[in-house]
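Down below are the structures I want you to see.
In what follows, subunit A forms one complex with subunit B and a second complex with subunit C.
== the complex of A and B ==
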């Protein structure tokens, strides 16, 4: 692809001191350091936004799993990337990873190599909390949210978060300065904002230094959106999210795609 | 030009020393990512770590030693700065003894640097007055 000038570069992982880290390959001679390690997940599509902002006219390849591809769809929809400037290089996840992620679509639409793992439909994580009596459920979430050190890691790593001014930092919505941040508002705001955008990759939960099961919360909200509106983020490029009519402005932000 | 790479390094903000990646776009550092496969920190950072790249190009960052002359800080060379400090420390040590000097070190230095520092305080200055920002 690089030699034939189909793309100017490919965003993937390279091995550095024994660790797979994100790298933009621009020459085929560098591909010797190429690695793919499915247990080490970086938000490559989110990184691509930063590169595309500076180089909007370059066509760039990016390695995607199922969840990365879903995030690409959300990013195209929300004008953060231009579809004709991105070539997705699909890689399927193993059954083991799919099970661990409880992933309903552990593969991208096209794969270069390997086998498709079976989709996993497992909401036992949510059901476990749902069966608690209301008071206990409230206490469960409040004690989880109370651990938050407001690192914003869950937002920073998220391949479906891109607003230049984030509601989590809006002092009219969330009281600034406290630690933990104002709960449960802080976490509920994020959950509400992700309701029709979260592609359920779980990177947020992996990034949380306090072990707060934030993905569980987003999965619950995502499921509600699916049950109520029949909408699944990251599936259909032409279908807009049902919360868009609320017009909070985040969808009209000028990204590289507009 | 088109170049993007990440550099594996350690957060310098506190003694935890979390594993980070600095994102470099065309030779300029533009962001920080947590190192996902770090044995200890496992892809988690605090808010300081996530923003550690921000001080690198800060206008207020000190890049040269400053010396205070006539109540005003002026830039100087490392040779002159070290000379000045050494002369003054020697004078204080001769006049008031080594225990009149105390050394305060930092969690932002490496284990090895902190080791050398305490060694230097004990063997060169001659005092056990060594402490650390984590205890101040």
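== the complex of A and C ==
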């Protein structure tokens, strides 16, 4: 694709000193260092936003798993990327990774090579917490949130977080400082905000240095949105999210796609 | 650290003292919390109820500067109950009788009175620590920054040896070193009395080895520590100073005195990445480089030597620190400072340093290696003192308790302790220029107990005067039950309300570390001026 000028560059992973890192391949001669590595996942589509802002006219290829593709759809919908400037190169996940992720769609719509893993429908992580008596459930979450060191890692890695100004840093909503930050409001704010955007990739939980099960929280909220509105983020490009639909237009954020 | 950060996860009991782990060493904290989740008992002993203290099975506050007393108190109980590890003591240690004799002076009632930790809590802590299969001790500067810093550390070592909690995985005595490379700086010989790898300057064989390699005559006398340097400036013995990546105008005790002393120098050179408060006083400022512009190695707190690689070329006039040093050496007429790469410097160091002998850039291309690593086959050492201590048997040193250098009195009735917050970094040279970090924590504060505030008629957020024998600062209050009665806490990062204007310069007799963690202050309301 690079040689045929279908794309100007491809965003993928390369091996650097023994570790896979995101890399923008611009020459086919560099592709020797290309790696597929399931042990490390990066939010490539989020990295692509920055690249697209800098080079809005270039067409760029990006390697996508099922979750990455869902995030692309959300990013197109929210004008963060232009559809005709992105070419998705689909790769499937192994069944092992799909199981670990409890992923309901461990593959993109088209794959270049390999086999589709079977979807996993497993909400036992949420059920485990749901069956606790209310008081214990409250204590469970408060004790998890209390570990937070407010590093914003969950937000920074999230391929569906892209607002130019973040509610988590809005002084009127959440007091600056604090280790832990104000709980539970800090985490609930993010959960509410992600309710119709979370594409359930789980990178947030992987990134959390304190081991807070944030994905569990977002999955719960996502499930509520699915049950109430029948809406699944990242699935249908033409369908608006219910919070956006009900909202006041503040969701229409400036981005290269607009 | 005697042990490794990842090993903490498998520990059965973790005693954290003088470490605000989640804020200062979050990745270590995450291992501690994982161990806790797996069922480990977490004990936190700290004058402040830190974030990690909320997760402790046992949390107690000691009075400031009474660490030797509670550690001796724990050992007293352990011996009385027969919870010590007799086999370890007889095989691996010496001096137990002398220790026992000293420990007789620390019955629980007396320790309770000195430290404020109840005898019931002392017993619970002693039992949990001594009976655990693998127990780890974690400490940071809350233990070392005292005139009894060395005594505190020796006491913790005594406690670990008494219970056999050293020389095996997931145990040990684990100081959390600051920054990313304080360990590496010390390993490289950034101390006044040793060459790289802690080889003594007073040892003739070692000195000769370095003389031969460097083709120079070297002194057999240890140099000066920071506090001694400042004293020598006062005495007119030190006339010039070359400071690299350090900002004593914020980070040293008794700042008024620091400023006065630095101004006496005939020549002050500061090498840093920003114009720090100290650099502003310099005659010459040399532009160093940031981590992103650097090649070399960083050594983490668990002795892991890791590669750091340049992401961008040095900006502007900045140069790598070693380049600046070599250029100065050349101008001073020495032409042996010739290294065409960082690797060459590393090779020279490993050749002369037994604990680094087996480490090469090639071997740490992907992942780091923990020293000691003495030859090219040696995989490195996750934990120290496995079959024997470096000197053979481990010696118990009996340590009597000494009071802090400054005690509260009528004039200065509050204890002051200083420390860090997670959003700022040391003297804020770097974190102070980050808008997002500034947003989280833009100014200093004095944390005080709400009951004390009521008594003094002070409200949350009110600006007050904090006064010690050294100076006065004006600072906002933050009321919190995280501190006990009659004590206050100030993060030292902020030049505008610098805690170190107040702190005491009294030092530990051996390590010469100042007592940043204890001094006496009083708080005053700022009277509103009537127009």
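Some observations on this one:
Please note the rule applied: the second predicted complex is superposed on the first by the 252 of 258 C-alpha atoms of A that agree within 3 Å, B and C clash if a C-alpha of one lies under 4 Å from a C-alpha of the other, contacts with A are read in each partner's own complex, and residues count from 1 in each chain.
As a convention for this text, contacts are C-beta pairs under 8 Å (C-beta built on N, C-alpha and C of every residue); 3 or more make two chains touch, one makes a residue touch a chain.
These numbers were taken from a predicted model, which means no experiment stands behind them.
Applying the stated clash criterion after superposition on subunit A shows that subunit B and subunit C collide. In the superposition on chain A, A:103 makes contact with neither subunit B nor subunit C.
By the touch criterion defined above, A:243 lies against neither subunit B nor subunit C after alignment on the C-alpha atoms of chain A. In the overlay built on the shared chain, the residue A:117 is in contact with neither subunit B nor subunit C.
Of the two partner chains placed around the shared chain by superposition, subunit B and subunit C are both touched by A:209.
Of the two partner chains placed by the overlay, subunit B and subunit C both lie in contact with A:19. Legend: residue contacts after superposition of the two complexes on their common chain; A:169 is shown touching subunit C, with no touch to subunit B.
When the two complexes are overlaid on their common chain A, residue A:86 makes contact with neither subunit B nor subunit C.
Once the two structures are superposed, subunit B and subunit C can be ranked by residues of subunit A touched, with B on top. Once the two complexes are laid over each other on the shared chain, residue contacts for A:149 go to subunit B and to subunit C alike. When both complexes are overlaid on chain A, the residue A:232 reaches neither subunit B nor subunit C. With the shared chain A as the reference for superposition, subunit B clashes with subunit C in the stretch 279-287, and the other listed options (45-53, 153-161, 279-287 or 513-521) are free of clashes. For the contact definition in use here, the residues of subunit A common to its subunit B contact set and its subunit C contact set are 17, 19, 149-151, 209-210.
Put simply, subunit A touches subunit B in their complex at residues 8-9, 11, 16-17, 19-24, 26, 37, 39-42, 47, 50-51, 54-55, 58, 149-153, 156-157, 206-210. On the subunit A side of its complex with subunit C, the touching residues are 17-19, 143, 146-147, 149-151, 169, 176-180, 209-211. Taken together, the subunit B residues at the contact with subunit A in this complex read 2-6, 8, 21, 23, 25-26, 30-31, 33-37, 41, 43-47, 49-50.
Touching subunit A in their complex are the following residues of subunit C: 22-23, 26-27, 29-30, 33-34, 37, 51, 54-55, 307, 309, 365-367, 421-423, 436, 439-442.
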